[in-house]
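Two complexes come next, and they have one chain in common, chain A, joined by chain B in the first and chain C in the second.
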Partner chain A sequence: MAPRSTGYWFTAPALTLMAIILLLPVLIAAGLSFTDYSLGNQSANWVGAENYEKIVSRSTYQKMFTASIIYVLVVVPVSVVLGLGAALLINSLSFGGDLYKTIFFLPVMAALLAMAIVWEFALHNSVGIVNEMFQAGCGTIIEWVFNWGWIPFVDGSQTWYGRNCASQEFPLWLRDRNYALATICFIGIWQAFGFNMVLYLAGLTSIPRELLQAAEMDGAKSAWERFRLVIWPMLGPTTVFVVTITSIRSFQVFDTIEALTQGGPSKSTYVMMYAIYEKAIQQNLMGIGAAITIVFLGFVLVITFMQRYLVERRVHYS
Partner chain B sequence: MNRIHYLGESWKHLILILGSMIVILPFYVMVSFSLKSPGQIERNEGGFFGTENSMVDERCVKLREPDRNAIAAARDRFEGLDDTQIYRALLAEIETDCSMHPIVYNYSKAFSEAPLLRYLMNGVIVTVSIFVIQVIVALPCAYALAKLRFRGRGFVFGMVIFCLLIPVHAIALPLYIMLAKVGLTNTYAALIIPWTISVFGIFLMRQFFMTVPDDLIDAARMDGMSEFWIVWKVMLPTAIPALLAFAIFSVVAHWNDYFWPRIVVTGNRDLFTPPLGLREFKGDADGSFFGPMMATATIIVMPLIVAFLLAQRRFIEGITLSGMK
Partner chain C sequence: MKRTLTAAVILTAASLSPALAEEKVTIEFAYPYSHLFDVTYEKILPKFNAQYPHIEVVMRATYESYEDGTNTILREAVSGDLPDVTMQGLNRQAILVEKGIAKSLEPYIAKEADFEKDGYHAAMLELGTFNERVHGLPFSVSLPVGYYNMDLMSQAGITEMPRTWDEVVATCKSLRAAGVNNPIFWGWNITGNWFLQALMWSQGAPTMKEGAFNVAADEGLTSLETMHTIFRECDMQNLEWKEALASFSAGQVAMMFWSTSALGAVERSQGDFTLKTGPFPGIGGTPQGLPAGGNSAMLVSTSEDPKELEAAWLWLKFITSGEGAADVARTTGYMPPNKAANEIILADFYKNNPNKQTAVDQLPLLREWQAYPGDNGLAITQVIYDGIESIVVGESDDMQELQEELVEEVEDLLPTKGS
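Here is the complex of A and B:
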């Protein structure tokens, strides 16, 4: 039997580091968020809840919350649905599935900063391949398909593609206030959905084949019925996890913003992590940065507790 | 039956191929730009590989542009020519000197314009140090939590679970202040310290050690092995598969990390990690540098992509580790 003290010796380094690197900073942030501290000053003044009041009232921070929340509300559902869709399609293929899986996983491996810069080139107005392709599609069958004019009651010349083709002008994407956040979201989805797909593929393999066969015999003839009655409920735990981790990661989006838009144009992509970086690191306003940090941690905690709640409820029912 | 089956499958392939094209697009742009001359990039021609076999490096020509002295010195070489003609002849010589294949241009510029080799080395130093320290800290702790009885074990495990909630990026600001207070910003230590503790690693290894039979440890104890050596000589070897997955998880995350290095490394190029180096490159690049910049991006991204393509199953296992709780 090992001496009792061994346990302490073995856990002491980890415990110390946890306290200093993870817990102490949270306390420091909480403390500083009530001050006007800046680095280099010997002391700081207690300003009460002023920083939080600013966060709630000033329009800059309202734009910050808007940008962050829109980003999360777009990236999470779309990348989860795309991940699930890709997983279901790949899983039902008789050949070639592994190839698609490899391709869709590539963005997860690549440094997001590097790929963000590449996307900027692809979306560039003069050398960019994206606008060039849109332009090349004008007046061909591609325009006919994507101006959706073939759908009844849709006027092809009034849809996005139709209008842009008519004027021969395509958006500046990252430089245009109306498109910048959408473009950043697109890059986020591009990067994240392969990860979700892989988790869903793992979830799908754990569904017993007998269950699907039984459902079929019981009358769930169509693929949609089997999905609704068997696959979707069985994937519940995977979905809860995928949604949680994607949400937490999307809240932390930074690389694309810093490299491509710096929060602009007119603060339309001013997300929380970038706000912390700009206020605290660049402008040395530690108090307000700390307050945003605390609000940020609050969001993360809420998401995680929601996950725990959902997971536990599921365990209870099954 | 079979034909209908394949017909039914073709629409799936169509969707997936379209999706694959969008996913691959930036990789295509990146590699293609790194192979082409500035002119062909600007004009969007030359297909994927570019069609020019040699291009003139404008900067190189500009730097070596013949001045009065050079023309005077070259007079005996070009007898019977006036100064303008000598100038033209010299310029032509320099241009042939400065011309090279676009690939050579882009990739040599990537290494010569910025100390890319240094950045890559920094990346290796930081990611390897982080992983090694994470293991040194996590393994004994995980072993104690899984296999030793001591008072407060529940408390320590509770701490681990609680700390799993805190994303390190979110507390970057107070960490930065702490490091600044002890004068550690702009050091390797600053790049490494916040990541030395991986509660996730502890959690993962603890779960793994729970499955190791107690008999194995008892046998080692009978042989007179100390607890310290049990961790490193008995438990570590059994944990290799889990450690490998964790290594991939950790290395990928920190090789690609941009946020934390951006915060603690300001200006000191000697400490730049690969993403910081690329960002710096973008900051002071003009149009003619798209090629070298994309070459830099390719060099930074490729090691992990190639490793992934070689050992896909392991990588997917490692990256999605956090999903296997």
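Here is the complex of A and C:
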């Protein structure tokens, strides 16, 4: 055996495993995406790019992209900002921080599917606690505060709360086209920000105290200035990581959709993961399911690369 | 489900001693809709075990819906993990026959001496016959009916049940005027586009005609317009069906249009109000036909062992005939598609349960619950579901446009003729 090739022999097991477990399935999916294979059939026909054509042209799939992108664009920034805010607040506490950490981290630890069922009950139209709470607030000081009628030039009876109180009907959070995606986003944020908070807390502990003290001596007196000049730049690497991870996780949202809305109403919560599930698993249409999977992979790859190259350039690594 | 399993285990344990002489045969069985059928099989299983102590029936996890049931079987066929007997929606039998998963029952029927006498008659066997060979024995048959909360109805001064959809809309308005916030739930989201097919058959038109999507016809537009009128004029809330059934049982919904099958489940969880069922309203008059819902038992066993196949056939026959079939009517709102069970065993039953009688009265209207042919059958169901949903949520108002869209999309998914 030539000494030059020895290295390849040593890496061969790892490379083979990687090819079989990671690359081969993707290649198979890519191959399937050009066929009309349906589960249970003996064979499949080669249909070329027909599946991809459908993804581009059909209104269903346009709704799919809209829902996925809105979800990511809402959940990522809000959960990152909330996570950072919570981390900063907890970090400034002299005692009780651990308690808050545990509480905020609870939604991450609990299985999202189980939590989705709790949300389903909370948002139920007749027995749900959410609508019951809104209803109970009607006609009391709570209505007066939250219909914003006390702000000058705002007509309290015309605001959201005022109108719903007058008609005694509160929205079906998960069955109304105007609210369903927002509700799902809310649950997504509720679940994700605790995770981001923990990541930021870890990032904060790695900031050397001397830097902060030096900044203070140099005239950064206010907390805001210390944040802007020291903490935020030092958190750069954490932020890149947090944003990437949250984006990918948001693109992969599935359990809440499956448990709460099944992609409806009127496809307003039809995110990509759910579309893959519906086509390939529920309707057995492997071809189109595989095509969506490939598009999905493409999206995730683009996000990853974009973040690596665009954001990383402005990150100060020490 | 768990209780069924426990019951099965206990019963097998109890019946073990006399069966020791004979070799034990185990068959696997799966059915949909646990909230409807758990009670039914809990009743049937002990009777079966008493009669055939050497056969053990193992219940698999229940299917969530007929679509889920068909899918599960297709998947299991690929992975080689099929049960012996499966219950499939009447509209989903064709695909399993096409793919060669469901076995013909003819060899077993040929061996039966008095098959006719057991109550299987031509019209009922028709529902499970493909290529002139029986593949499925219908187990439970349902028809759409109206459920009325008579307390809420009388609050609005209504004592007569509506006969047409126009009357339903008028009733909605009186109910709203009387302060009933949730006057109606119309089961558009029921499995297999059943209610669209109900409106089509009401006008005497099939949904699939000679392999083409017949909603393109005038009756299709009328069906969509009827739904649009009901949803808009009644201002119907978009409830998920399980929510709707719960709200009706809790006495919050005045009129619910749904399958008679849920009657058993609704009655079991019903609040304190008078529940009456009435015939399914028609478009301008009495319906000319209504689709048969329900499921049938199919033999999908891959076993080569004649003993196991024989046991599967015995189970299949037991649940679709005699006492087994009668328990369907006793525990659910379904009708047993078996003459003997219906006319002899259940003779007094319907007199004492007038609510369950409604569907029986509609039996002459029974029409086929049509399947969408080809691999895209399930996808077509979803396309139509999405179309109707767009009316419910207020996205579509132009029914002509929606009709064109639906026809175009469905035709696109149907297998091209001649191929």
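Everything that follows uses one rule, which is that the second predicted complex is superposed on the first by the 274 of 318 C-alpha atoms of A that agree within 3 Å, B and C clash if a C-alpha of one lies under 4 Å from a C-alpha of the other, contacts with A are read in each partner's own complex, and residues count from 1 in each chain.
FYI, a residue touches a chain if its C-beta (ideal position, glycine included) is under 8 Å from a C-beta of that chain, and two chains touch if they have at least 3 such contacts.
Bear in mind the structure is a predicted one, so any value in this text is a computation, not a measurement.
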**OP:** Check whether A:168 is in contact with chain B, with chain C, with both or with neither, and answer first, second, both or neither.
**Re:** second
Original post:
Can A:265 be said to touch chain B (first), chain C (second), both, or neither?
Top reply: second
Original post:
Is A:285 contacted by the first partner chain B, the second partner chain C, both or neither?
Top reply: second
**OP:** State whether A:39 touches chain B only (first), chain C only (second), both chains, or neither.
**Re:** both
Original post:
After lining up the shared chain so the two structures overlap, which partner does A:106 touch, if you call chain B first and chain C second: first, second, both or neither?
Top reply: first
Original post:
Of the two partner chains, chain B (first) and chain C (second), which one does A:245 touch, if any: first, second, both, or neither?
Top reply: first
Subject >> Touching partner for A:121 - first (chain B), second (chain C), both, neither >> reply: first
**OP:** Identify the partner contact of A:11: answer first if only chain B is touched, second if only chain C is, both if each is, neither if none is.
**Re:** first
**OP:** Considering only touches as defined above, state whether A:301 meets chain B (first), chain C (second), both or neither.
**Re:** first
**OP:** Mind telling me which of the two, chain B or chain C, contacts the most residues of chain A?
**Re:** B
Subject >> Set intersection of chain A contacts, chain C complex versus chain B complex >> reply: 39, 126, 281
Original post:
Tell me, which parts of chain B touch chain A in their complex?
Top reply: 5-6, 9, 12-13, 15-16, 19-20, 22-27, 29-30, 33, 41-42, 44, 137-138, 140-141, 143-145, 148-153, 156, 159-160, 163, 165-178, 180, 193-194, 196-197, 199, 202, 221, 227, 231, 252, 255-256, 258-259, 262-263, 274-275, 278-279, 282, 290, 293-294, 297, 300-301, 304-305, 308-309, 312, 315-316, 319-320, 322-325
Original post:
In their shared complex, at which residues does chain A touch chain C?
Top reply: 36, 38-41, 60, 124-126, 168-169, 172, 174-177, 264-267, 278-279, 281-285
Subject >> chain A partner contacts - residues on chain C that touch it in the complex >> reply: 67-68, 71, 74-75, 77-78, 99, 101, 181, 237-240, 243, 246-247, 250, 252, 375-376, 378-379, 382, 386, 389-390, 392-395
**OP:** Note which residues of chain A are touching chain B in the complex, please.
**Re:** 1-11, 13-15, 17-18, 21-26, 28-29, 32, 39, 86, 89-90, 92-94, 96, 100, 102-115, 117-119, 121-122, 126-127, 129-130, 132, 190, 194-195, 198-199, 202, 238, 241-242, 245, 248, 252, 254-255, 258-259, 273, 276-277, 280-281, 286, 289-290, 293, 296-297, 300-301, 304
